[in-house]
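Following are the structures in question.
Here chain A shows up in two complexes: once beside chain B, once beside chain C.
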Partner chain A sequence: MGLTSRHSSRFTPIDFIADDTGLVARVQALLDDVEPDRAQMLEALHRIQHELGYVPKEAIPFLAAKFKTTPAMIYGVLTFYSEIRTEPPPRVEVQWCSGPACLLKGSRNIRLALEAEFGCGMNESAPDGALGLRLVQCDGTCHLAPLVRLNGRYIGPLTVTDAIQLARRLKEEARRA
Partner chain B sequence: MAKLTINGREVEAPDGAPLVEVIKNAGIFISNLCYVDGLPPYAGCRTCVVEIEGMRGVQLACTTRVADGMVVRTDGEEAKRMRQAALSLIMSYHSDRCLTCHRIVKCKPGDTCLRDGVVTHRCLTCSKNYRCELQTTCEMLEMAGYEPWEGEERTYYTTPQPEPDRANPFLEFDPQMCIICTRCVRVCDEVRHTGAITLAGRFNPRIEFGAGGPVHESNCDFCGSCIDVCPTATLMEHPNKWAAMQTERWVPTACTWCSVGCSIFLGIKGGRGVIVKPDTAGNPFSRDQLCVRGRFHYDFVRPHQRLQRPLLLRDGARQEVSWEEALEYAASRLAEIREAHGPQAIGFLGSPLMTNEENYLLAKLARAVVGSPNLDSTAGPVARAALEAVREAFGTPVLPADLTRVPKARTLLVVAEDLESSHNVASVRVKDAVIREGARLIVVSPRYGELCDFATVWLQPRPGQEAAVLVSLLRSLARDGGAAPGLPEALPDPEPEGVEAGELARAADILREAVRDQSWRPLAFVYALPYLAPEHVRATAAALCGLAVLCLGDEAPSCLYVLPQEANVWGMLDVGVAPDLLPGYREAGSPADQGDMERLWGTPVAGGPGSDVWHMLQDAGGRLRALVVMGDNPLFFLPDRQRVEEALARLEFLCVIDSLDTATARLAHLVLPDSGPYSKEGTTTSADRRVLRLHVAASPAGESRPAWAILRDLSLRLAQRLGLGEVRLNYARVAEVMDELAEVVTLYRHARYQELDNGSQQSWDGLSPRAARVPTLRLPANGHGDGHLLLTSRGLYTSYEAAALGLEDADRLHREESLEMNPADAAALGIGPGDLVRVANDRGELVLPAKLTYGAAQGTVHLPLHYRGGAALSLFGPGEPAASVRLSRA
Partner chain C sequence: MAAPLEAYRRLQEAARPVWEAVARPERPLFRVAVATCTRAAGADETLAALREELSRRGAEADVLIVGCPGLCFADPVVDVHLPGLPRVLYGRVTADQVPRLLDAVLGEARVLPELALGVVLYEEERMEGYRGTPVEGLPDLAQSDWMRLQVRRLMANVGHVGAEEIDHYIARGGYEGLAKALSMTPEEVIKEVLDSGLWGRGGAAFPTGRKWDFLRQARGSPKYLICNADEGDPGAFVNRSLMEGDPHLLIEGMLIAAWATGASYGYIYIRDEYPLPVERMRKAVEQARERGLLGENVLGSGLSCDLEVVRGAGSYVCGEETGLISSLEDVRGMPKIRPPYPAQAGVFAKPTNVNNVESYANVPLILRHGAGWYASVGSERNKGTKMFSLSGQVQRVGVLEVPLGTPVRDVIMVAGGGPPEGRKLKGLQPGGPLSGVAPASRILAQDGLPLEPEPFREIGMLMGAGGLVVLDDSSCVVDLALYFEWFAEDESCGRCTTCFGGTRRLQEMLRRISEGGGRPEDVPLMRLLPDAMRNANCAHGQAAPTIILSLLDLFQDELQEHLVRKRCPAKACRGLVRYEVVAQDEALPRAADICPTQAIVKEDGSYRIDQARCIRCNACKEVAPQAIAVLDRFAEQA
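== the complex of A and B ==
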């Protein structure tokens, strides 16, 4: 499927975007030296996510103008890669490994426990935005299975009890912070 | 051509054609749920499998190209099993279990499902029941009882389903019906070049609009092409969704909301239009495409909102009267005024919204019965200005240009203020040329339109300086030593404001290359006429003709496309609704042509040139005492509103024939209700002079009658009073009017209904181009005062009919109810998005919300023409392409 092509040399979207939060201006500054070439689209998304932690929806019209296509086409790319977020990340994120070794050792129960404790689903944030869960792929640390990652640390092997205790501790810390 | 055998039948097809299309065209059923005719295969649904002799296993018919000697079977056991298996996978995700149920024929909507408790959606309660491609496919593949998925095993039940989006007035989007065939995504992208729909996600792919929000917040322009290709009930028309299930018949007719003239089928239920779909075999230019106007505007004015009975102004109040009384009254008033002040005291306004036959009868009523040459239309001055330039350049008023060549062009120059909105399907075809043929596009427009996104160069002059841009291009090309007859030694040297010299040079280079290098041809010059400023239109048309002649010489007339705004502007002029033209482009004032008409009509004809619409209004109350207005609406389409209104009020007798109670009709002494565009027989003539048939589709409102019958009855009564002898005024059927028209107007020689229905086209005898020369180039002065320049042009979404009635929801999407202004201008005035702005000048003022967009150049603002009953024009003076206005925060 092709991306709808627009020729225009305009890099600003035609309609005025009220940029109250300054987000779009930040995105614009980030991409100043990115070539308006389709091949650079992922580079642009990476940069934005690296800087802001996510790709804000407000940036979509700007990206569409930059890469001479339509907002829908940008949205299609954004949602294709599960690593790219469209919502701000939670302050503390527990990354749950969905790898086969973890699954075999019962990580599904850990997932259910975490979801219940946090009160949110996978790849979502709890309503207050402090805690969130994210599904990640196996990165080969299977000797710790079943595991979760927290701020780059691996925690495992976990029992359901461990998971619940971990979740409660994180909630308590979030409440105090 | 390749000869192949399908199911034992010999079939011929072009070499390399997609096998699935060949099978379908041979009338053999082949399931295909993701293929779109004419687009590259997607091979997503895997249900089009066939067996081909000599090839291993089964093949997909969509990705297979036909070759000579191919032996294909669609009915083999293996192919059938595989199709069923593929379809069952698709169905595991679809909401309807009825599709595979053997009991479906016995079920009624109120019945409780006897199979199990988990059935939530049912075909019986779906608005697409029995017009659903998925359903038909299930029937044809004998899926009843085929059920590998036990109860809740189907993924449909384990996945939370998204909510349907019914927030906009046109398109319903119910994603839980979706089978992810992506036809809509591909059509929106590759056919419409809109790109409003995308396939989002990867593990749980889904269809989404824009940046994942509701449909109306995306850049979807509601053309409805996705509805046409959707095999399920995911994408549906919102208006009359349920009524359309019971469509009783499909009437082929033509859309009359712009001059492209798309051919449509109108679905009728109970005498009322309930659904529109494109008539792919009709107009070869529009083929399977329509725009929001063609698809949805049929429904903006309901029958009860049209005029029902004749209305007579008596003692300051309007009363319903019988036809007999109304026609008698009209005839007696016209006869009295003619008696007292002479035939010239009566004026006539025809309309491009009416059929050729009706305009012709109006011309006959004016010139032969009443004997008045005062005959025009509000669309007349602009159209005649363009025609004058064309005639000077090519010796004929009729261009032989065929729009179907536009999508094949390699270089295009489009002069239009937002072609996307004014002539939507023409804009799609220009984009076709750019995307599919890699054409280079130059757009000359003072304001952004979506087409600018596809332009290689967008020249954005100040309003009213389009002609200056074209003359600059002409000058640049002539400098290379290009010669053309009529090219003056000293060309004017305008410096169009707002256009950079570099951009202009780039545009000139593109044209130069097209002249030199055959691979950048065909060349196409497209000019969408504006509504205003005849003098500017003449200058622009002349410069464009000159440019075409310089680039192409004698080929120029067939590559020049002049698109008027309203549907039947050319037809109206063809049949002689103009003060200086007799039917068939005979010249008013020429004794020979007058004699010709007198011979054809058998009666004396007022052959002299008459007053145009502005002179008529100027003379109103003085030399002009009565005005007969058919379908026209001067209080909507003319600038200088105040003066027009005063002029109309000075008339002794104003008779309006219209299906709507327009602002003009509300001033009339007598209103005769016409039955409206969907309830009459006749023809209209498109921009490239295709004669398109209108058929009676909907029942006429109340006692309304088609305007041709009203004019006939009025003419007959008037002729009797005036003692007119031989002239033929009695027509039993409108077809007889066309039979006569075919004798009178060369262009329509082969347009008798019988011939039209057999696919005949117009006749060019005596109207072919006789010369190709550069017409006189006169650049109009641009004496604009200070302040901002207000532009107005036709929007895409506002219905003329609803706007003329002043209905609140004339623009149901509310996309065209604000003043477009440049963010820099807005900042200088302290205006934020959505703030109310006062737009004022000496003629009046308007207050409306601001929309900030870089599409409006600094110093200009834009207001759609149809906004609030054409309110924008109340700020315009006659002849102005843009009005000077003062802006302030309200």
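== the complex of A and C ==
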């Protein structure tokens, strides 16, 4: 093991993965030009997530072969980064900003209310899988604190009442859908 | 003239007409700030509405996309430049305001005073020169409370030049610093940077020139440059603002560093939360390559260097330089054990230099104007300017650039307008989760707590990379400390027990205290842990308990209230408050309706709160402020 802690791949079981859903073929097509030791791991993960919405576990052996490392190392990378998902996202996701400006302006109240309304915790999906909550980091849109993001749109400054009404509207829409 | 300077002059000649067309437009020019912050407030909709409305009216006008000029509190902002008049910056121009704005500026009035933030004057212009014109009576933006403390050098282009226009940057003197550097020896460039007094803006404040010299003298090739644009401190967004508003400044800085150090390849590592800076930087790299400013034989000088933008994936420790390096090496972004230092064995075990965005961005200015000019602002000990992002419980939120040594009191009270109406300043949280909280008494002291590293170090914390989060008296430092220890544990890479275990232990203790289970022996325990945590490998674990020391040393009274009297003076610790119905009024049915846990129950014609169900989310208090009171949980029943 050198200074870059690279593991040589002794066993790359890609050929033995059943590709019933065609997932591996899709992943493979995305990563044609990706090479190890070129700082392209995150790029590879982003491409997969962009295409599929998450990085499925079926991609792990393929990534290991691609980056000449072990599936365990790939699993380690996948689970290290909070923005890489290993499960499909819910259909509608309320993203709750965890930053300090939001915190000081009452974001924790909003979080409690959203969790109670949705019946799920942070980074979880409601039992029917339609709605979910996700904790996101501050991106410096603090003039809108406290805020949540929904489908890429920022909603803020929010009162707790606003947040509850938003949650109820989303629940109603999910029920009708 | 040396070859690079000559090649540069040719580029500049070609770029000048492109800039002149927007500097003194012959028909109305609308600069729309499209940045992460303005977009959040609806800038995309404003832009679309503006384009549609202009074409609907058949108006002869142009639209230019620029970065955010830093007045986030007034987003979305639009700058209107009419021929013959100075530029006027308008705030809160949401899409629905666009017709009204156009009616005014394209009509008789030519200005819309209700939305005007102020007049943007070029250096040689004066308000007096516009007496008798429609802008008379509007304030000069540079004299406003937000702007008057500021000296904008790094931000000189932000909000002025097109965010995706390399020609604007070049015409305004951009890449001249590079051309000058390429006409000097690497040693001379490093000496110039050393003479300027520039130190690393990422938080550690190490002299940039010395860092470069380490890489220049390092053996091994290729040599790499890394720009740390992982700006992970929640509440810090200065790098984002600069990359969105003036991306070429960073590229030029990195190219000068490449020449000075002998590096041939550079990575710009931008956090995942910043998709727009990724997009703008990639475009800028592409443009620089097209102009021969990047790649083989830059400006005919023999320098060959290329840059690549890498997008992170959500990890705070990847802002630690060796964590960032690990992240580039296809493995978990775990900080490494030093030595070897990056200059000896960095990315892919090759010599590497890592600097913050702002550190690189200062260098073109130093080379263009000279170290003497650079050092002409700042304090006795610290030269130059620094960008800060002001947020939290303050009236105006945004990005500023002030000379080092500017009192933070003035930044909060003048630029920021102080805490919200009816609130008192309680403190300041500078530099992110690994720093502490400065109390109001220190901020309001004679010197106003100058913004430079030393005064912050004296009170046991870091000034940090630019985040300034203001606290008013509705906040609680115990609560904030709990949040920071949660953050530090959540983002710990897991290598050192002192870090992930220490932050976990501190969290448990703080949670207990914030729920009324504090014990006197918690104080010595809280002192012991930071000592042990200093043994962590990287700054993340070492500095995670900084806020605990602030709590123990600077906010003892507040801590004692929690420990001894089991109450939170600010009523921010959820475990120490309870909600009660104190009066029956007509708002209560609505409060019962909004309660997400049906905790407000009606019995015998009157409402009360079922404490077992109440999650203390405050929704009922918002709806029925007179009927509901927040009481100390452990106080006698009212």
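Quick notes on this structure:
In this text, the second predicted complex is superposed on the first by the 160 of 177 C-alpha atoms of A that agree within 3 Å, B and C clash if a C-alpha of one lies under 4 Å from a C-alpha of the other, contacts with A are read in each partner's own complex, and residues count from 1 in each chain.
Convention: a contact is a pair of C-beta atoms (placed from the backbone, for glycine too) under 8 Å apart; a residue touches a chain by one contact, two chains touch by 3 or more.
All values reported here derive from a predicted model rather than from experimental measurement.
In the superposition on chain A, A:Ala113 makes contact with chain C only, while chain B stays out of contact range. One of chain B and chain C touches more residues of chain A, and that partner is C. Within the superposed three-chain model, A:Pro71 lies in touch with chain B and out of touch with chain C [touch as defined at top].
Of the two partner chains placed around the shared chain by superposition, neither chain B nor chain C is touched by A:Glu51.
In the superposition on chain A, A:Ser82 makes contact with both chain B and chain C.
Of the two partner chains, neither chain B nor chain C is touched by A:Asp128. By the document's definition of touching, of the two partners only chain C reaches A:Glu43; chain B does not.
Applying the stated contact rule after C-alpha superposition, one finds that A:Val136 touches chain C and leaves chain B untouched.
The intersection of chain A residues touching chain B with those touching chain C, taken from the two complexes, comprises 2-6, 69, 73, 76, 80-82.
Listed in rising order, the residues of chain A touching chain B in the complex are 1-8, 10, 12-16, 18, 57, 60-61, 68-76, 79-82, 86. Of all residues in chain A, only 2-6, 36-37, 39-43, 45-46, 67, 69, 73, 76-77, 80-84, 98-101, 103-106, 108-110, 112-113, 116-117, 136-145, 147, 154, 156, 159-161, 164-165, 167 touch chain C in the complex they form. Within the complex, the chain B residues that touch chain A are 42, 182, 185-186, 188-190, 193-203, 208-212, 218-219, 434-435, 441, 448, 452-456, 458, 823, 832-833, 851-855.
The residues of chain C lying in touch with chain A in their complex are 36-37, 39-41, 72-73, 75, 232, 234-237, 240-241, 267, 272-274, 308, 310-316, 326-334, 340, 345, 347-349, 389, 391-393, 397-398, 429, 433, 469, 471-472, 474-475, 480, 483, 487, 493, 574, 594, 596-597, 615-619, 622-623.
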